[in-house]
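Order as written gives the chain letters A, B and C; numbering starts at 1 within each chain.
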Amino acid sequence: MGAEFVQFSLTPILIGIFASVACALPGNFLILRRQALIGDAISHVVLPGIVVAFLITGTVATWPMLAGAAGAALVAVVLIEAVRRLGKIEPGAAMGVIFTSLFAGGVLLLEQSDTSNVHLDVEHALMGNLEQLIWLRADGWASLLDPIALSHLPPELPRMAIATLIIAALTWVFWRPLKLSSFDEGFARALGLPVNLISLGLVAAAAAAAVAAFDAVGSIIVIAMFICPPAAARLMTNRLGAQVGWSVVFATLSAILGYILAGYGPLWLGASNSVSAAGMVAAVSGVILALACLFGPARHRVGVAAGG
Amino acid sequence: MADLTLIETPEPLDPASPLAVRGLTVSYGEKPALFSLDAQFPVGAMSAIVGPNGAGKSTFLKAALGLIPKVSGEVSVFGRDADRMRDRIAYVPQRASVDWDFPTTALDVVLMGLFGQVGLWRRITGQHRAHARACLARVGMEDFADRQIGQLSGGQQQRIFLARALAQDADLFLLDEPFAGVDAATEAAIIGVLKSLKAEGRSVVAVHHDLSTVAEYFDHVLLVNLRRIAEGPVATTFTADTLAEAYGGRLGAVQIDALALQGG
Amino acid sequence: MSGFLDALLFQAGYNAALVALGATLLGFAAGAGGSFLFLRKRALVSDAVAHATLPGVGIAFILMVAFGGDGRSLIGLLAGSAVSAWLGLLAVEWMVRRTRLPEDAAIGAVLSVFFGLGVVLLTVIQGMSRGRQAGLEDFLLGSTAGMLRQDAILIAVGGVLIVGAIWLLRRPMTLVAFDPAFAAARGVDVRRVDLAMMGVVLAVTVIGLKLVGLILIVALLIIPPVTARFWSERAESVVWIAGAIGGVSGWIGAAWSASAPALPTGPIIVLVATGAFAVSLMLSPARGVVAAVMARRAFQTRVHRRQGLLALARSEPIHDRLTLKILRNEGFLRPDGVATEAGQRACARIARDEQRWSVARRLHHDTGLTGRYDGLTPITDVFTPDEIAWIDSNIASEGAA
């Protein structure tokens, strides 16, 4: 549990934690606003985004990919909103039309373009490559203080850490308007708050989290982390602040347990190969949610129904 | 009619009125909800907006606040654009318009009324909390400060909304059906608070659906059914004739008689 | 191009013809079956169902290998996917019923967790000696390449059975989708019909796995119903129009993809349906964007015209610039702001209409009719000439009194 852990497990686990927390934070508000599935939609359109970026630049470098994914997320959000308003279609169906269409377009483009010699495929976008984000230069905990070894950290780690810090800072700064407009939009508007801008900003933050995370950890973790930790947290408490706190705890727990179970679980069971860490992180978050559904202190709908 | 002429420079709406509108038309799709409505509420009074279901009462409040777009017309709050007067308006939406399952407490909701003062950054101090608790006390809910809002009864939820409006310390209170589906004790508590606001010189405009209490609660009334049917002091405006016009066949002669109004 | 025509006419070989037929039937079943979900405002439940199939496919493969099979039997894999999709559906319902979580959160949780489990199982299978050629990844995006004849027949037969089931159950399902409370009052067992609806969606998903894959089957369940809604206000016609759109998309898409390389069937079918959606969104006469923009303009003009003429009739000043512009353009006002002769006639007409409405609303007791007063509709559109005469006589007698 020394050098080998630092070399092969520390960085993937940290990246997993950052990615999970970055998605769980906006997920709290998305769930309360009945927009939980926007994360699902965004994750699906990442694929067409990176394919288009590849077709334009001809490389699979990181930054063009991220820009393509972000652009696609933006296009998707705008299209969903346009279809919802112009066609007077309920949000779920509008989302379903747009993200599946864009995904189909992405798959078609991928088939049509010659990507045989580059590592660009649907599975990669879905599952990421968490297991490969290892820190070969490290030879123990002491490497954390060694500037040469530190300079060989996988670049995904600082990138994901910065993205997570920015999202956390934004959540903190805009806490009051987010809470106010999520709870009572009419009142927020009457106060003069730019409700539509807040709503767009939230979706943009979610998209940024999804885009920053997909490259490292894949879309599965992204979708699961948008929903499962915040949903489980909602069942633990009736205070928004505490809910966000719980969701961060659950996201972190899912990332750590998921990675360890994926890497070492099969060995404990006598198998020789590890299994997908991304899938396992999602599965662990599901187990946490199931436990919260069964035992969470605030799991029941209580009180008097509104209205009448 | 031959000598019709037009004045193109608009006269300003009465700056003394806390809320005045002219030619307000609002529509949902192709169906107008309000048509060319004029209204002017008096300052320091309790005013009711009365009319049948679907007559555009709530729409009026929302359009006046700029929550929904209008097709035409102008709105003034104390003689100025409503947008620039937001910190002087307190709005109490319909209770059913929010998700009461939201993870927050009664005190938290009241503190939301202080957003105009604390904004994004300023710390919520003990003073703010004390003010919010005082507002809760005014509606008789000080013991429920830490209760999750979903655990409150309908009447209690309505009181929390009123306490939030009180926290805003505004000059104009706009209430959308504050008595809808609340118990008698809550109704008495709310009307007590509103009367105390009036005593402080503040103006109250409420959408109201219970015809039997209009005369008892309010000074001024706007009868609306798509357009203004009548507006003025309750004593002279709230008559059998105007009610018949606002409600048409929906209100029988018996019901009008029961209101013991003169005229008709 | 001739390749495309051949494929359209089912002339591109027996297998291609079977695939095209299967895709047509699947598209029809998906469009019609998805309509019930869409009308019930639960379109994205299909997303959870589709993603929840993956672990079932994996477990079925592992079980079949464990019992000595080669694991690739399509019918076995589909049976497995149906079981796990059903479990996913139950999980969504359980969460919504037993906890405070809303349905969209439950859908998202189920789809991501089941999908994550499925991916874990896929990596387990890749580690098995027989797993390398399992080809289970095809279920993500579908694949018609190398489809066995018996698989194509399975899809075609499955499509026929689903369409038949929809036809048999169309009445209760439309009733429940449109108004569950009314359906219950009529003695329909809403819960069982809901179950049947879910069964149809599940069957479509399972049958569609091989052809279009689990991500894109969601598109076939959602896009045709949404498109059909632009063309009809009646629930039952929405179902059949959606079926037709889905069927034609499946047919054209399958033929197109068979006619050239590197045109994967699933995405092409979906994009054909998306094309139909985009055209409908813009051009539908009742709900399309173009129609809405034109109607909105006409409506705004009507409001301003009426408001302006009323003000003129009452000798009130007009402040609104748009109102003034419209009255001038239509010849009701002279440039100096004085009413023209036509303007005066229009004023008189509108003033009389207002007066009639005011009397009608006071005296006429049918609120169904007087309720149609919206400030714009002329009273002559609502009442018959003899009723108008009665109203006028009341006006005359009131004037005399």
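The definition used in the following text is that a residue touches a chain if its C-beta (ideal position, glycine included) is under 8 Å from a C-beta of that chain, and two chains touch if they have at least 3 such contacts.
Just so it is clear, the structure is predicted and the values come from calculations on it, not from any experiment.
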item	value
Relative to chain B, chain with the most remote C-alpha centre	A
Interface with the most contact pairs, given as the two chains involved	A-C
Nearest-to-centre chain - CA centroid comparison	C
Geometric centre distance via CA averages, chain C-chain B, whole Å	38
Gap in Å, rounded to a whole number, between the CA centres of chain B and chain A	43
Centre-to-centre distance between chain C and chain A (centres being mean Cα positions), rounded to whole Å	29
Per-residue overlap in chain C, given as positions that touch at least 2 other chains	100
For chain A, residues that touch 2 or more chains besides their own	234, 298, 301-302
Chain B: positions in contact with at least two other chains	101
Chain C-touching residues of chain A, taken from the complex the two chains share	31, 34-37, 39-40, 44, 83, 86-90, 92-97, 100-101, 103-105, 107-108, 111-112, 122-123, 126-127, 220-221, 223-224, 226-228, 231, 234-235, 262, 266, 271-276, 278-283, 285-286, 289, 293, 296, 298-302
List of chain A residues in touch with chain B within their complex	32, 173-174, 176-177, 179-180, 182-184, 186-187, 189-193, 234, 237-240, 242-243, 298, 301-304, 306-308
Residues of chain C that touch chain A when the two form their complex	38, 41-44, 46-47, 94-95, 98-102, 104-109, 111-120, 122-124, 126-127, 137, 140-141, 215-216, 218-219, 221-223, 225-226, 229-230, 262-264, 266-268, 270-271, 274, 277, 281, 287, 289, 292
Complex contacts: residues of chain B adjacent to chain C	1-2, 4-8, 10-11, 22-23, 25, 27, 30-32, 35-36, 54, 71-74, 101, 225-227, 244-245, 248-250
Chain B - residues contacting chain A, complex	62, 65-67, 83, 86, 89, 91, 93, 95-105, 108-109, 112, 115-116, 118-120, 148-154, 157, 164, 174, 180-181
